[in-house]
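To keep things simple, chains are lettered A, B, C and D as they appear, and every chain counts its residues starting from 1.
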Amino acid sequence: MAIKTVVWGENVHEHTNEVVARMYPNGMHNAIADALNEDARIAATTATLQESEHGLSEARLADTDVLIWWGHCAHGDVQDEIVDRIQRRVLEGMGLIVLHSGHFSKIFKRMLGTTCSLKWREAGERERLWVVNPGHPIALGLGEYIELEHEEMYGEPFSVPNPDEVVFISAFEGGEVFRSGLTYKRGNGNIFYFRPGHETYPTYYNEDVRQVLRNATVWAKHHGKFWIEEDGPNVPPEKAPNPVTVKGEGLHKPGEKGFK
Amino acid sequence: MAIKTVVWGENVHEHTNEVVARMYPNGMHNAIADALNEDARIAATTATLQESEHGLSEARLADTDVLIWWGHCAHGDVQDEIVDRIQRRVLEGMGLIVLHSGHFSKIFKRMLGTTCSLKWREAGERERLWVVNPGHPIALGLGEYIELEHEEMYGEPFSVPNPDEVVFISAFEGGEVFRSGLTYKRGNGNIFYFRPGHETYPTYYNEDVRQVLRNATVWAKHHGKFWIEEDGPNVPPEKAPNPVTVKGEGLHKPGEKGFK
Amino acid sequence: MAIKTVVWGENVHEHTNEVVARMYPNGMHNAIADALNEDARIAATTATLQESEHGLSEARLADTDVLIWWGHCAHGDVQDEIVDRIQRRVLEGMGLIVLHSGHFSKIFKRMLGTTCSLKWREAGERERLWVVNPGHPIALGLGEYIELEHEEMYGEPFSVPNPDEVVFISAFEGGEVFRSGLTYKRGNGNIFYFRPGHETYPTYYNEDVRQVLRNATVWAKHHGKFWIEEDGPNVPPEKAPNPVTVKGEGLHKPGEKGFK
Amino acid sequence: MAIKTVVWGENVHEHTNEVVARMYPNGMHNAIADALNEDARIAATTATLQESEHGLSEARLADTDVLIWWGHCAHGDVQDEIVDRIQRRVLEGMGLIVLHSGHFSKIFKRMLGTTCSLKWREAGERERLWVVNPGHPIALGLGEYIELEHEEMYGEPFSVPNPDEVVFISAFEGGEVFRSGLTYKRGNGNIFYFRPGHETYPTYYNEDVRQVLRNATVWAKHHGKFWIEEDGPNVPPEKAPNPVTVKGEGLHKPGEKGFK
């Protein structure tokens, strides 16, 4: 069965900036979803900021294997309640792929616990993403590096926790470097951050970039049980694997819920 | 110079529960601070929920090397603004030691990005904390295990990201196991979670536990530069290490701040 | 296509110890391979110490997706040349599952770089393997814990590098604990260590244990490109992505191989 | 008390190559030791391949806090017995700093379990080592990057396990990138790999490089108990924390050593 994938787009600059409107006339989210749907293993649809619940209802997330996130100028407009919901679903096992300026999105900072800050420069300079992990499933079908003629520069330090794996490191024309493809596991959720994708450049039409998006979607799908526990369940003495007799004094009455 | 340490106590059950009041007549935070101050390398003071800004003003945190956190029934009463402030300071380099029921504190969940849930049982059962990393600085001076006659049980699964290091694993009389001493690094901040410390038992008077608290404080102190970047600084083309000429079209006017 | 799996058995105690011979009349390797072959996704065969090249020729390893290793009293009889060969193949992408006393095998110590030591006791005591990562693909189909009536005890400290993930933690009747299911990635190879399996007990007939073996085999299969580089390839100046003119003085003549 | 540091130099090219002899007339090991001894917290001496036991007797290693390793053309001449000895001591708690071409040394490959391969080019090109972890103790006193006018290029993929932390990433004039400062912990030993240091360039006279060497030495010193266990100690039933009666049949007679 195909991997149910939702491409979430902020969908603002496509309507307010003439360059972006020209570059992505159907919205960036549709350009990305088109790339994914070239692979028969993936079934991608889209959601945007402007939809009710940002297009991410409980029911829809419950039926999503992988969520892809592109946002930039409107991170603050994403409702906290929806961020809570996405976080819970990622911990349960939904894959999460965060693109480019999504490094400052609420959901990415929430999952990682750090500022996710970096340096930047918008000069349309050349970026080469070196494949530092050529056997990684996310790098399937690529050469030694991906070359993009025009991209925004992101420079280290990238303020994130040490990743599980580094798949790409970028070198920019101006001299800076950046860890451009990073994996994390949080709960059961596989998380991938992929750097390129400034909205004024044709990055999401690049064949290598599209290949990475497809590879990452297949990689991010969870293959275990979807599972989350938030509430700190009590195990009463009579249910302990070894017999336990209550000793000492306590706070809680039998059957009482824990504090949270 | 001594390590400036603040022991934060929720300080509620000491005033509302007769067992706790009897066990820790000066408050748990003072029992913990006393343990730390037995070590000349540490200078510990206390702060509580009830103080203005919970005792954690910007100025005080800026002058704190290590913060120790004990909370249980009032996690929800900690102001989000103070949690933001602590998080920022940990990322800068302040050490953070989270004790026992602090696993559900806002600051711990914030730093780790997961639910931090676990199973529990309050039956005063025996806990043995096996030292699984005997050469770790936090285990200095301990034997093969710490034995506590009466403790609350915490059982796996403990829903946290894979730690950098596991120092202790507990076995409980009832049969459950738990990773009881875990280290993380987030930004420059060294984080240690230490399981024992239920308020109705005399855990913080145990000599081994007190030794762990001292060891962990010394371990948690940051020895590099205190540093944080939150705002995504721009590097203009003329400041790039290699000369860059702006190409293509862009979003931002020269000197404009990035979105956040 | 089924996952080509080789179960390697030391195959000594089955012929020298009457208890083991009775317990595993066809050899432990065949009992394990039988468990795997109950899953249509897996095609398991066996190899033993006594065969030529220990049954692990270059050609056979090149055609193997996952290798499972059980050894105990004859670690020293495994030829170093075969260990080199296995290591190379794991780095390329072959999965490796190391069982029980294989913690002291040459290949496990080679991959991890540590002593892999632990405490032990042979008393047929009860072991419970708690599932600490219930959403992990290796834990599919299990309950809260696996219970084995008779097993050898392994106790912490287990002298291995911090794992990528902990799937199981054991509690033994005698009180000790042990990290019983650990994952590592080395090169492209997924490595899983699984603790139970003492040869005088019927562990490999336990249904939960057999399920774990199947799950782990499916998990260990590599889904990226099989790739290894050992020789430090030279990139001559004229092949650099940016034009480079040789400056300063050097050691190597053009085209010379590097030292190794 | 000062950190007892041994700088190990292969000491071959200084005597066989005219460029290297001119650049490091007292040997590279002495240039490095001089850099360390500028810091009163460090007491550095040297050892070389040509000395008896390569200058690394059991007694000397037992009295060493941190070992620094530079080798290139004679990795194969280092005796395996001495490598075993160093490995054991690192696992016990001795710090290990591996420099430049030491990536292919026996001890580095032994500790990490991978090929440690990389791409290279000797063209005297410019290297910039970006500080990706500005708060790390190893980066104390540095600016945004270290710039070296002439260095050998090392390019990704660097075939090592995912590091605990990345401190530097290099960008080379020719376009390649490389993770140039990596930390690992194996047993109790803190390990740091630092890329620069080709013998035909004056890298070890660079003030920033010398600062990194000093910082790394202070960082690498172990602050816990020196501890190693190699032999798999037995815990007899009567010494178990909980009373155990032997059940089932076994392999071992009481008091017998385990297999290894």
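Just so it is clear, a residue touches a chain if its C-beta (ideal position, glycine included) is under 8 Å from a C-beta of that chain, and two chains touch if they have at least 3 such contacts.
As the structure is a prediction and not an experimental result, all values here were calculated from the model.
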Would you mind naming the chains that touch subunit A and likewise touch subunit B?
C, D
Let me spell it out: compute each chain's centre from its C-alpha atoms, then which one is farthest from subunit D's centre?
A
Name whichever of A-C and C-D has more C-beta pairs touching across its two chains.
C-D
Per the C-alpha means, the centres of subunit B and subunit C lie apart by a whole-Å value of 36
So, what's the distance in Å between the C-alpha centres of subunit C and subunit A?
31
Euclidean distance of C-alpha centroids - subunit C vs subunit D, Å
27
I need the residues of subunit B touching at least two other chains; which ones are they?
128, 134, 155, 157, 162, 164-165, 175-176, 185, 187, 241
Chain contact topology (line, ring, star, complete or other)
complete
Quick one: which bits of subunit A touch subunit D in the complex? Just the residue numbers, please.
128, 130-134, 155-158, 162-166, 169-171, 175-177, 179
Note: in the complex, subunit A contacts subunit B through residues 13, 17, 19-20, 72-73, 75, 87, 91, 101, 104, 110-115, 117-125, 150, 153, 155, 157, 159, 161-162, 173-176, 184-187, 198-201, 228-237, 240-242, 244-252, 258-260
The residues of subunit D that touch subunit B in their complex are 92-93, 128, 134-140, 145, 164-165, 185, 187-188, 219, 222-227, 241
